[in-house]
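The structures considered in this document are given below.
In what comes next, chain A is part of two complexes: it sits with chain B in the first one and with chain C in the second one.
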Partner chain A sequence: MCSVLLMQSILSGFFFLCYGRRVRAEYLSWIAAVSAVVSAAIVAAMGYYFTPGGDGVAFVENVAWIEQLGVRYHVGVDGFSLVFCAMTVLITCAVVSSEEAKGLEASRCLGLTFLAQASALGVFMARDGLLFYFFWESSLIPLFLAIGMDGSQLRRGAAYKFFVYTFVCSALLLLAVLFLGYKSQSYDLASWERLPLGFYEQSILFWISVLACAVKVPLVPLHTWLPDAHPEAPTYGSVILAATMLKLGGYGFLRLVLPVFPEASSYFAWVMLALALCALVYAGLLAWVEEDVKKLIAYSSIVHMAVVVLGLFVVFECPPAVARDVGALAVVGAIVQMLAHAFSSGGLFMGFGALYKRIGKRMMQDYGGVGSVMPLLSLLFCGLMFNNSALPGTSGFVGEFLVLVGVFHVHPLLALVAASSVLLTALYGLLCVRKVFFGQVVSFEVDSMARLSAREAMPLILFSAAALWVGLYPRGVTTVLMEPATQLVVSMLRANKAVGG
Partner chain B sequence: MFDGIVAGVVLLLGVAVLLCALVCNCSRRVLVSISVLTYVCSGLSLWTFGHSVSTNYSQYSLILADELAHASHWIILLLGVLGVFIARDYLEDCLLMKGETFVLLLLQSLGLLLVTSSGHWLVLFLGMELSALPVYALAILPASDKRALEGGVKYLLMGVLSSGVLLYGVSVLYAVFGSLELSIMGQTLQMALDGGRVSGVFASSPEMAMVLVLLGLVCVCMGMAFKLGVAPFHYAVVDVYTSCTGVTLFVLATAPKWAFLVLWLRILTESFAAFVGYWQPLMLAMALISLVVGHGGALVQTDVRRLLGYASIAQMGYVCLALAMGHKEGNAASLVYIAVYVATSVIAFALLSQLRQSAGTEVRAVRELTNAFSLQRRHAAIVCVMLFSFMGLPPFVGFMAKVSVMNVLLKDAFYWIAGFAVLISAVGVSYYAALVATMMFGESFKLEQVLTVSQSKTTSLLLTIFVCAWLLMGLYPEPLLRWSTLIAI
Partner chain C sequence: MGYDSLIKTLWLLPLVTTLLGIGVVALQLERCWAHRVAIMGHVLSLTVALGLGWRFMQQTLTHTAATIYTWLSSPALTIAVGYYVDRTACLMLAMVTFVALAVVLFSVRYMQDDPGYRHFFVYVSGFVFMMLTLVLADDLVVLFMGWEGMGVMSYALIGYYLSKTSAADAAYKAFVVNRIGDMGMLLGIAGCVYAQGSTHIQTLLLGLPGLLQESVVLLGYDVGVVPLVAACFLLGVMAKSAQIPLHIWLPGSMEGPTPISALIHAATMVASGVYLVLRMAVLFDAAPWVQNIMALLGASGALWLGLVAVFQDDIKKVAAYSTLSQLGYMVAALGVRAYSLALLHLIVHAMFKALLFLATGAYKTAFNTQDITKLRGLGWHAPWLGLAYTTAALSLSGVPPFSGFFSKEAIVHSLVHPSTELWGGGYVAFCAVFGVAVTSFYSFQVVWSLFARTPVSDVLSKQQSLGGEMSAALIMLSIPSVVLGGVMFAFTEQGGLLGPVRANWSIFVGKEATLAAANAMRLALTEPSLYCALLGMLLAFFYVHNPVWTARVQKSFLGQWLKSGYALDRAYERFIWQPWRTAASLVAYYVEQHTIDAGVEKGVALGTWQVASSVSGVYVGLVKRSIQIMLMAALGMFVVGLWLIFKS
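Right, the complex of A and B next:
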């Protein structure tokens, strides 16, 4: 099942890249729709028939791949993977239904989208360390090409910075993976979790892995590539980057850092929490004064992903009596926060993309009174901004709240600082909405903007619906997540005891 | 012994026929056919008569016929055939020479065959010079171009100098061991090495013997380092890459890299295996210097060829890192890396040399490749894929090569060196990514920019098959890794 999904994504990607130009435009969007629906159907089937085995993994495929190195093609899906795969496929459906997928360079847009989906799905489903790294690094290429080829004026520098920055920080991860494979005589992630590593060794490997994950998340101070990449990226590039690629970092923490290096994670948890809190406040303040809407949404991404990191590491600092339950809740909250962020940032970029397509400007001062010209867009954009601001009833609230519960148990003052993310998001979010959508129509250009077309509205409606569904019925997601989160937290706490936390 | 060189004999016969054809003023088509036929017959004879035997040290053997030699012969013949087709395409446009190019290609292949299967220093030297002289001749073409002349002469002078140094080293080793056979030298050294001193060989004292052996070893390594383009003996590589024609670049940068690595591997494994403690730091130092010089040098280049020249120095650095490990696994990793490098270079250099500007001139500056993707979609896309592979990015086969090398470094606990190599590859990524960005992201630097492709259908077909095989290898590298372990010594 996993391989079918991967092959389907890869083949779709290659088909659109190599042959998309020869296919007539109207057929192209239908073929793309079919491909996206097939991916979604496979993931839905995986969800429906999800019966995890003893280790919590279903649809396992384990065959020899590179026997000389001991690497196997080992894929499988557990609760975490299932949610992330569903999110990835939803993003692809949104991009495929968007206006860009019918535009001039539709074949390239579709091809790169499906290849990015393939690499992300590969990361989420890989259960072998080198296979994980294989897909992790391959995710760089589609985004590099998307930003560089279809972006705006300064696209070359932005793509280059994104590519080199991310590569440098994840380069050492290869050595960590090879070292772990050699030490445990196997590249199986499950066997790495059982590997007895010395504290010194573990610390070095921990920081190497954190470096790789933190640059993808992105965690301050490794975040500077994101505010440069997003404004220059095309709409579909921004959506994929924000909604899928950033989650690779979060997933890396979940799959690699926390289970494999629990003692080091426990020892350095306070550093990660401190970084996350600083990132939260810093990026929030930067977003508050930002005039470029796309950059504002980029800083908003940094804030939300900092909350994710908070939720993942908070278990180590919780009081032992409640650590297990609160910690599991915080981990679930972190994952739901990632989902919510995918919906809101994906939707916000799509919505703003519609505006950018019309008048080609990114600054807030160039817009004003859009609400009276494009009411549907205003409704959906505001709704997604509310999701961003963790309004109860939206998925953002679920994620944010669960993480705050965890932080509160560490120290109420820290929870106050963490809660400032909600305050700051509301501040800059509503400020942006007021400047762009409310008030008088600021110019003739804005007044003459056409209303949202069906293709433009579709992804926004999709994201809003998803955000509302998870917000009003979080059980749909949390039931799948609770079990693996609890198992993860239990293993993390065992290490916590060993370190004396 | 005949088994090892049957392919070479056929090549020699082919050269004779080709020379006769040249004298008879045959058309280019006939000359190309003869060359291709020679390679094909050579391949057939290798298939029929050449079979792998394990090296039998007790027999006196000038030519070895082991798995490594056998595999090398196949590679050299395959690259030779590709070279003929690329030369043919080239000669269609640039009326350089008529048919002498093909003679030179055949002779170079013959020399490389000798190099990869030599078990004796004289045969080794004969092969080296036989493979180098045709390249010297090709490197100065076209003679009307001063830059080509300069690059070619530099290459000639440096090549001759390094051959001289190597020969000096060989003569010193002969003076000590009294034999020019690689295996006998190795056995004698093994027996003579007693508690860190070399005794029982011709020298006034064990200390003197030690000095002489080390001197010989260093001189040989210097010569080999030049041939592979390893810093700090890389001086001529960059200049000749910049100034030579596309054909010469193909001929110079692909098959010889494989052949000379195999040779260096043999020398170090068969003759100096006992001295690994001495040559390991030397190799590691050369590798690290190559990485710095190669990546650092390429970073500031504006000429495509020069950039690729420096990049090749860095790639040889990785090969030397694996070679420095001094055991079979390290050797296998170095063979994997060089095989991947050669395969990728073949495609990249062949495609780049086929791009022509409006005046029919070759693409030289990076600027001239601006927006190549919109002008020559397929060519630019494949070149960019090759560049991604040079960076060591999955899902391409360059990633697997990098993994092999890093794996052996970590297994032998060279953590700092592995970390340095990986981090400096980030420098490599930056200039390769800049080249990709220029080709795929830039606006046309002048409105009337034209990029045409000069490529025949046959070359196109051959390269397509090659690229498909190359792509598959990236996704399923097991055959490559298994093959390298099989042939490594």
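Right, the complex of A and C next:
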């Protein structure tokens, strides 16, 4: 099942890249829609027939790949993977349904979207260290191409910066992977979790892996590539970058950093919490004074992903009596926060992309009064902004709230700092809404903008519906996540008890 | 129908109305369908709410509760969407649906020429759904959904005239200020999970005795968990129910259409903070210092924000500051544990304040102005409208036998003679008593001006008719403004309407300040508040009829300062908004651009590049450069890796 999904994504991607231009435009959209729906259907089927084994993994495929090194093609799906796969496929559906994926020029957009989907799915499903690393790195290529080829004026610099940053830091990850493989004579991720590592080894490997993940997430101070990449990226590039690629970082924490280096994670948890709290306030304040809408959404991503990091590391600082239950809840919260962020940032980039396409400007002062010109867009944009600012009843709230519950168990004052994100997101998000959508219509250009077309509205509606669904019925998602989250937390706590006690 | 289906129907009706309204917008049906749907929906809601209340009154049932679906389930925390209805909730439900119906009727004429007519009714129905969610919720998270959902609807409706800059700014300000309160709410809810492992209100309150000893260390001080949680919720109450110093969003919210101000910013949403405290009263009882703060804040608002209303020319602004003052009374009453009196004032206030706002809106429709200087003397030319306004003013001032008298008299009594230990009790009593004089002064300043015998301005020549719906709405609200207070008070004495509300909270039976209706008149003669009200009316008469005084007072520095609401807006702008904006800009420039970005990029990336270039010795292109960097990185990794492997 996993391989079918992967192959289908990869083949679709290469098909659009190689043959997209030879197909007639109207067929292209249909083919893309069919491929996206097939991917979605496969993931849906996976969810429906999801019966995990004892280790919580289902649909396992495990064959030898590079036998000399003990590297195996080992893929499988557990609760975490399932949710992330569903998210990835949803984002592909949104991109495929959008206006950008229409017409002859769309073949590159479609191809890169499917390749990005393939690499993200690969990361989410890999159970082998080297395979994980392979997909992790390959995810750079589609985005590098998207920014570098379809971006705006300064695209080369942005693509270069994006690539170097993420590549250099995740190349270090290879070191960690090779070392772990050498040490355990296997690249099986599950076997790494049982690997007895000395504290110094753990610490060094922990920081190397954290570096790789933190750049992807991104965590302050390694974040500066993101606000540079987004404004130059094309709309679909921004959507995939924000909605899928940043999640790889969070998933890296879940799959690699936390389970494999539990003692180091526990020892340095306070550093991560402090970094995340600083990042949250810092990026929130920067977003508040940002005039470029795409940069604003980028800083908003940093705020939200800081909340994710907070949720992932909270378990180590919780009072021991409740650490298991509350820690699992916070981990679930962090994952739901990633989903929520995918919906809101993806949707916001799509929504703003519609404006950008019309007058080609990114600064807030170039807009104003859009609400009376494009009412549907302003409604959806505003709604996604509310999801972004954790409005109860939307997915943003679920993540934020569960993480906050965890942080409150650590210390109420830390919770106060974490809760300031609620204020900050409203401060910058609604200031953006106020400047772009409210007020007098500033120019003739804005006044003559065409209304939202059906294909422009489609992804926004998709994202809004997803945000509402998760917000009103989070149990659908959290029941899938609760099991593996509890397992993860239990194993981490057990490892720490073995060392500490 | 059983309770269960009645309550579910009531909950869903506004949602269905909203969805139908969206259908009207989407299909661009005739405008009349927008209000037909809304009126129909709200009539049904009101009927169901009254039916529910009626059944509740006839039975000895204290409450009914049920779960609808499980929102979240985990070992640490389970949250279910469900309802909890007691008599307090029944009263709130009836009040909300009643005022909503009046407002919808009123809006048919008021919003007649508005291009967004169809949207407007969707917002109103959506708001009512959110408010009912808040009232019915039995879980704090669900309550918070209603709480914030109302905030969003309020945001949309304050910014309803979205091309108006002032409206856009006011909407932004309202939401952001409310977000400060929402932070408090979130922390409070998280604190409940911390303390009790639950957000279910009844579970929480029942488990309270076991939590009284628990505390956390904050900055070296031992703070009890329960007071901490109560203080967090108080922050939410302060924002939503517009208490000093977070009240600044409410005067700005008057940028929205007047019917909305009547519904959201006078009758229902702003009272939801009070309702929250009523639902969680036991929790607040266990936090005496939080209650003390409530009493002080509320009483301060009652007097000092009422004083601002005296200096407003815009009668809508008068009503807005009056709302702030009356909310102050409610919160102060909560602070001295006079819960059923706060509830009584909440309900009664909703009626007469909605009437006051709608009368203001009717003046706007009839004469296209809300400026008291232009409306001077027009009372005689639109006598029924003048009568409606006067009814509201009398009730607001607390003149017997109007509704406001009963609640306000009792509240002032309980503030002057608090049943609990109260720090600053003298100040609270002072504010409460003089607040009454100020209230009647500003209300009657408008009334006397309306009925002044002076030549009227030219607005009379352009008078518009009000139409049937608008008049119906005014009449509908006038009746309870006159009689509801007395009726509810009578029931209180019999232990009917409000009695069991107290009985549910058995923890504080006997502690609560109550007042029997029979005593109300006797007390009124011995207590200062009625005299204060009459004095205020009298002073207002002389003030209005002496234009020289009026002008002098208005022009004085003090008058100007009070008119601007103590210049608080400017102070917030200068001392909070601007410094933070400046600091953030400086951080963006120096830290972000010139330290982190430049440091990482130039220091690390260019450093690597220079090493790479010097190794290759030739100028290289973009792709080559990156390849070189990769190679360098790989080399470095290889070396470190070897070292690591051999070291282990």
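By our rule, the second predicted complex is superposed on the first by the 494 of 501 C-alpha atoms of A that agree within 3 Å, B and C clash if a C-alpha of one lies under 4 Å from a C-alpha of the other, contacts with A are read in each partner's own complex, and residues count from 1 in each chain.
Heads up, the rule we're going with is that contacts are C-beta pairs under 8 Å (C-beta built on N, C-alpha and C of every residue); 3 or more make two chains touch, one makes a residue touch a chain.
If you're wondering where the values come from, they're calculated on a predicted model, not measured in any experiment.
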{"item": "Clash or fit (per the criteria above) of chain B with chain C on chain A", "value": "clash"}
{"item": "Broader residue contact with chain A after superposition on the shared chain, chain B or chain C", "value": "C"}
{"item": "Chain B versus chain C as contact partner of A:Leu285, first or second or both or neither", "value": "second"}
{"item": "Touched partner set for A:Pro392, first chain B, second chain C, both or neither", "value": "second"}
{"item": "Which superposed partner A:Val322 touches (first chain B, second chain C, both, neither)", "value": "second"}
{"item": "Which of chain B and chain C A:Glu26 touches, first, second, both or neither", "value": "neither"}
{"item": "Chain B and chain C footprints on chain A, overlapping residues", "value": "156, 160, 163-164, 167-168, 171-172, 174-175, 178-179, 182"}
{"item": "In the complex, chain A residues that touch chain C", "value": "156, 160-161, 163-165, 167-168, 171-172, 174-175, 178-179, 182-183, 198, 201, 204, 220-224, 282, 285-286, 288-290, 322, 324-326, 328-329, 332, 369, 371-372, 386, 389, 391-393, 398, 400-401, 404-405, 407-409, 411-413, 415-416, 419-420, 422-423, 426-427, 430-431, 434, 437-441, 472-475, 478-479, 482, 486"}
{"item": "Contact footprint of chain B on chain A as seen in their complex", "value": "64-69, 130, 133-135, 137-138, 140-141, 144-145, 148-149, 155-156, 159-160, 163-164, 167-168, 171-172, 174-175, 178-179, 182"}
{"item": "Residues of chain C that touch chain A when the two form their complex", "value": "69-77, 141, 144-145, 147-149, 152, 155, 159, 162-163, 165, 167-169, 171-172, 175-176, 179-180, 182-183, 186-187, 189-191, 193-194, 216, 218-219, 228, 580-581, 583-585, 587-588, 591-592, 596-597, 600-601, 605, 608, 622, 626, 629-630, 633-634, 637, 640-641, 644-645, 648"}
{"item": "Residues of chain B touching chain A in the complex", "value": "373, 388, 391, 393-395, 399-400, 402-404, 406-407, 410-411, 415, 418-419, 422-423, 425-426, 429-430, 433-434, 436-437, 440-442, 476-478, 481-482, 485"}
